[in-house]
Amino acid sequence: MTLLADLLSTVFDRRYRRDGPRVKDGRPLCDLSLALVGSAGETSGLALAEEILARFADLDDAGKLAFFRDIAGMNIDPEAVRTTLEDYERNPTKAGYRAFMEAAEPPRQELIRRLNRVPGATGALVRMRAELLRLTGADPELQALDLDFRHLFASWFNRGFLVLRPISWESPAQVLDKIIAYEAVHAIDSWDDLRRRLQPSDRRCFAFFHPAMPDEPLIFVEVALVKGTPGSVQALLAEDREAMPASQADTAVFYSISNCQAGLANISFGNSLIKQVAADLAADLPGLKTFVTLSPIPGLTKWLTAQGQNWQDATADQMKALAAHYLLNAKVQNGAPFDPVARFHLGNGAIVHAVHADADVSDKGRAQSGGAMVNYLYDLPKVAQNHETFATTQKVIASADVKTLAGSVTLTPSKNTEER
Amino acid sequence: MTLLADLLSTVFDRRYRRDGPRVKDGRPLCDLSLALVGSAGETSGLALAEEILARFADLDDAGKLAFFRDIAGMNIDPEAVRTTLEDYERNPTKAGYRAFMEAAEPPRQELIRRLNRVPGATGALVRMRAELLRLTGADPELQALDLDFRHLFASWFNRGFLVLRPISWESPAQVLDKIIAYEAVHAIDSWDDLRRRLQPSDRRCFAFFHPAMPDEPLIFVEVALVKGTPGSVQALLAEDREAMPASQADTAVFYSISNCQAGLANISFGNSLIKQVAADLAADLPGLKTFVTLSPIPGLTKWLTAQGQNWQDATADQMKALAAHYLLNAKVQNGAPFDPVARFHLGNGAIVHAVHADADVSDKGRAQSGGAMVNYLYDLPKVAQNHETFATTQKVIASADVKTLAGSVTLTPSKNTEER
Amino acid sequence: MTLLADLLSTVFDRRYRRDGPRVKDGRPLCDLSLALVGSAGETSGLALAEEILARFADLDDAGKLAFFRDIAGMNIDPEAVRTTLEDYERNPTKAGYRAFMEAAEPPRQELIRRLNRVPGATGALVRMRAELLRLTGADPELQALDLDFRHLFASWFNRGFLVLRPISWESPAQVLDKIIAYEAVHAIDSWDDLRRRLQPSDRRCFAFFHPAMPDEPLIFVEVALVKGTPGSVQALLAEDREAMPASQADTAVFYSISNCQAGLANISFGNSLIKQVAADLAADLPGLKTFVTLSPIPGLTKWLTAQGQNWQDATADQMKALAAHYLLNAKVQNGAPFDPVARFHLGNGAIVHAVHADADVSDKGRAQSGGAMVNYLYDLPKVAQNHETFATTQKVIASADVKTLAGSVTLTPSKNTEER
Amino acid sequence: MTLLADLLSTVFDRRYRRDGPRVKDGRPLCDLSLALVGSAGETSGLALAEEILARFADLDDAGKLAFFRDIAGMNIDPEAVRTTLEDYERNPTKAGYRAFMEAAEPPRQELIRRLNRVPGATGALVRMRAELLRLTGADPELQALDLDFRHLFASWFNRGFLVLRPISWESPAQVLDKIIAYEAVHAIDSWDDLRRRLQPSDRRCFAFFHPAMPDEPLIFVEVALVKGTPGSVQALLAEDREAMPASQADTAVFYSISNCQAGLANISFGNSLIKQVAADLAADLPGLKTFVTLSPIPGLTKWLTAQGQNWQDATADQMKALAAHYLLNAKVQNGAPFDPVARFHLGNGAIVHAVHADADVSDKGRAQSGGAMVNYLYDLPKVAQNHETFATTQKVIASADVKTLAGSVTLTPSKNTEER
């Protein structure tokens, strides 16, 4: 909003540019980390935090692992937890609760919070967690450390703090750079390709941002405005297609959703994104009546193969039927859909609307789903109830057509395969 | 910065304006709260959270107290803490740590985090805590609940997330309204008075904002640009004084610092504010060499009276000496300065620079300090070291003049008086 | 738009703040003016222009008049006009046309253009013309000079360069200051009064700005959103009224339109303002069906008195009829309506919709119109045609009710009175 | 500035997006043009103007020429000029002056002004003039029409209305597109090449914009921050060079200045650009002591060849000497420097500082100047005086080194060659 835009415009710049010589403390990073957690005041704390972040960024993998192990060691003291808990039970005072809180939270959480006090640190911490995830492997101590990062990030990257922003050909090149880099579904191979996704009157793109990382999109969705539900991504992205005035469209197609930050893995905001974008588009373009995805079916061929089902020789009609069957029936052990994209959209309250063969004929599309794709439908008035139903029963809601298609296939699922 | 300003400008507005009819669930608030914490998905969670916030705002004090008691009851289960802790000790896995984390954090923390997912909720939660503080009294359960609020707010209102913004006669009236309302040191009695604090070329004002509360200053400082260190607030704020070009000033005087949000009590950002403002002013106005406060001495007469020291008949020189003596020698039991303003500035790394009699002749000034005021000096290159010294030793650093003055007084402190 | 906002945000500030010592040339202003017009290049021209503007601002009335007389003397040379014209007729070349153009335009026009090259000069020139208008009197040379100002201003304050902006309680105090100062119809007597005009959900205000005078509104209109056409300004502005959600309103009332810049007299943009505001409101609030004014009738009692018509003892019904009669029948010599406000709105394509007695019971309202007011209706689809009809025929279009009312009065207009 | 940025942010967008169906009047364009000039009011005028602009854009060259011929015919009536002039001489009243003004200005000027009332029209008119210049040829009537465009554009694109804006990797892709398209000195061949000009810490770019064409740069300058005066553009633009912190630079090099709008030919703002950019850089980066160009010498080989001077076999030293000689001695008939770039920078108050051989070894560089380039020095404190000297005497000011070099060459200029 105006006030916020205004308030930020003059100041932010400056603080990011302060890059004078850092006074190096010189102590080992783990000592600095302990000092930071124990630091009596903000002034020295900020300097410590800056130095830790700056030195961490320069470490090699071995150095980073060593640092992570060091701070993973800043764990709870079980004895202190027990003692303070007993004190608090006996004597449930404010001081008692405070003592328990402090004992029950590992100091490494406070360390991460204090690191975050440095202007610009949030992005550095997200990158730090990306490194942690890359290096963690099966180490349970590092996995526990990651849970602390995740706990704090879930609080900081809370939906209420995120800002939805249109990405367009008017956006800063610096942001567009990242759209090119992060597009994970249908790769953008050049600035001209990007321009085709953003500039035409019938294309839209939206991303979530966090105010403390203003030039880093967190997740974005690409939208095509069309007439009728599309059945092929080739047609949707054809280089020589003619753009249409947005006001003539009746359907918004979410054809690509990409997470941008490896360091925000498992911090969920994708579902808000689609629903808010749909609501905003509906308000801007009253002609839009239908909100669907055109989604890949990444687990299809893998699952079919696991079932011993031949799919490589399937006709287009057979492929559609197999896809429908898979979407409705393939499950992981806890009963959720086998397909991760299906889990995402059904979990958001969408339904399986239509399946298409030869809809993604790229190498990747052929390999993962024999070229099939699916439309998930976001029927805004019903999204909440669909979500509820799915969350409670894990029942896959689908259109009559898809159900009929799925019913036309005979295929005995031999086993469920876990995939998450 | 530009990117951020830009990203926020289009979107924020809209989401604050959504004020359609809320679907009322109708269940008691405590049931809604439990449902929210248990809520399987975001969609229904958001609706629940909105309803809780909206209905809370309409409650009377009794209703609010009841709500606070209900959610205070969403406390840890000691048995679960113990069990998960033991499991984790025996078998320190990721899952074990996660189970302990969940058990050791009261569900009311998660409740507050989920409430915060609603756009615009942060301000509502700050107001909610203000109500909590107002109503808590000596109830230890509510005090513990407040610790949870405070814990989360310290994370959300982290220095790294705050934005420093100049407040001027170009600022929105909506923000200026709040400056008038929140000025706590030298009351602003009209828009004309406000204009005198903001518009002249030798006046500045800065505030911290949080991006999720863009029209609510959190804390602000008023600055006068002058020649030489000022010894009287009357002269500084005289209605008929002549403004000076900022470039001619050699001294920046922080003459008023006010917290704006009762709901952010004990979440500290005041020290960052002064230091960042000083740094920014120094960069903008190279003529500025000295950064001082002109501060009240709120505990002076109270302490003198407690010592049995007559001060009402003191001459100006005697009052100065008494003030100097007090600032250097009056302590609370833990050895910190008795004066709360002194604790704040000395804790920031400032030193006691000069004392003045007849410096605040308002009723309030006479009553609290016999009209005396003090300059704390922020000597930027030494602030970090001063802070360190003070944090470690609690020794009050003062100028030679002030020490001499303080030494001229013979007064036997009969006792320390606790005040916090 | 975003690009523009962005482009302006960093730079403008700085250039307004340059207020270093001006190098004074010292020559008389008229010599500087001649030098500026003759100036070979931009560098020295800018310095000259700055000095002229700065020194003009410090002149007293006599000095200003002398300056205006001097530059009025920078007039066309009739002989040169004739010669170049004949040359051009004989030999219609580019060079010939250029020579004629230069001869036919008085050098004082180029002087004003060159003064305008200084950043921030546009506002200074508008103020200069305000002074000229104040001091001109019947002097035909100064009147001619004013025509040159007006000619240039009409080009610079072209509708295509103006920006319509909402004024709200979020607007900068510096702009609101001017709204208070310039409100010409229903005086705003305090910031609280202003707040009542801007902050409630059912109030709007819009102004035109020129990018070269970003903190100076040029003209603004205040709007009340209501149900049904209002018949009294007292009710509309009552301090204790309850605000209504904007979405519930069916009618937008333009109850006050004020020009802000005396120096832009006779540069017309008021008609665009109302029409654009109506169009924007209609787009934002689909519930709005009716766009009317609640306007004073400033010439009513004056005209009635001139007709020898007693109005002081009229009943409310009689006053309404007299007002209707006046609006439909009172004309100036060229056939246009006698009432200046009527000329403005009818010229914009509005029609006389309804008249009300006791609608403005302030002293001013009683004196100028016996308390009567009028609604002009902007029926958006018909505005262009109404405008065309009025522009061609000067026929006053009115509702059936108003015509009936007007017909109920017998009153022989004894003469037309010129007023412009 | 904030106010301006703020005021523009909400509104502009909207008005550019109005692209509903235009009501076509259907009359020939010339009739519409006459109607627009005669139009009684703004409402119908705007519709007429929109239709003229929209239909013009769709015309082919023949249609455009016909349109230009038609409006060129809206010329002055010499008889009316003479009559009103005589009346005014006899009776110098306001009305008389007004009548003369109207007669002496061709109606086509008023036509252009009225076209400009449409929001967004300014850019369309600039493009219209670009078409006019392309099609005019030797037609004196069209040349005269162009003088009218130029007259109005000089007033509208007045330096005081322009906004200087940094162009960076944060700028909108839509603007960067145009930087790529318009770079006229050292072509930018890809987005990666553009990134190398904008993103490194030691590169800057600035452009002038007009508020009515917010996404169209008018002219831009590219700047390299370096240590010492550079002697080769290859080194400056090397793909593999290492960027330097801006604070370490002592010299700002203006290595490319490009006009963007063919329709603004001969509307001068380049000189302001360099001087303002230099002043802004000096304020931001106190380490900068020297402001120079690294400029092509586009007329060098052409002139040498015209003098019968062999240059193709010159050694590097000889080429430097020839370049120095040329810059100091080659003149067009009116005594100005033969080299157009020299005329530009010397006219701005710069001096010839140093010449370099093998400084631009591209094909273009070799062909136009045998690879030689020149530094013009902007010595800020002396720029105004240099400009004055040059404007008055056309004497080329040069450094002692360049004079010595130039003196080392014996070469009898056989003739002056006119080039403008």
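List of remarks:
In order of appearance the chains are A, B, C and D, and numbering begins at 1 in each one.
One rule holds for everything that comes next: a contact is a pair of C-beta atoms (placed from the backbone, for glycine too) under 8 Å apart; a residue touches a chain by one contact, two chains touch by 3 or more.
It should be emphasised that the depicted structure is a prediction, and the values quoted were computed from it without experimental measurement.
Comparing chain pairs A-B and B-C by the number of C-beta pairs in contact, the larger count belongs to A-B. Comparing mean CA positions across the assembly, the chain most remote from chain B is D. Averaged C-alpha coordinates put the centre of chain A at 54 Å from the centre of chain C.
In this assembly, the C-alpha centroid of chain B lies 48 Å from the C-alpha centroid of chain C. Chain A and chain B have Cα centroids lying 35 Å from one another. The residues of chain C that reach two or more other chains are 2-3, 5-6, 9-10, 170, 172, 174, 215, listed in rising order.
Across the complex, chain B meets chain C through its residues 2, 5-6, 9-10, 19, 169-174, 176-177, 191, 195, 198, 215, 245. Chain B meets chain A in the complex at residues 1-14, 16, 40-44, 46-47, 76, 78, 81-82, 85, 88-89, 92-94, 97-98, 100-101, 104-105, 113, 116-122, 140-141, 143-144, 146-147, 151-152, 154-156, 158-161, 163-166, 172, 174-175, 209, 211-212, 214-215, 268, 271-272, 275, 280, 283, 347-349, 383-384, 387-388, 391-392.
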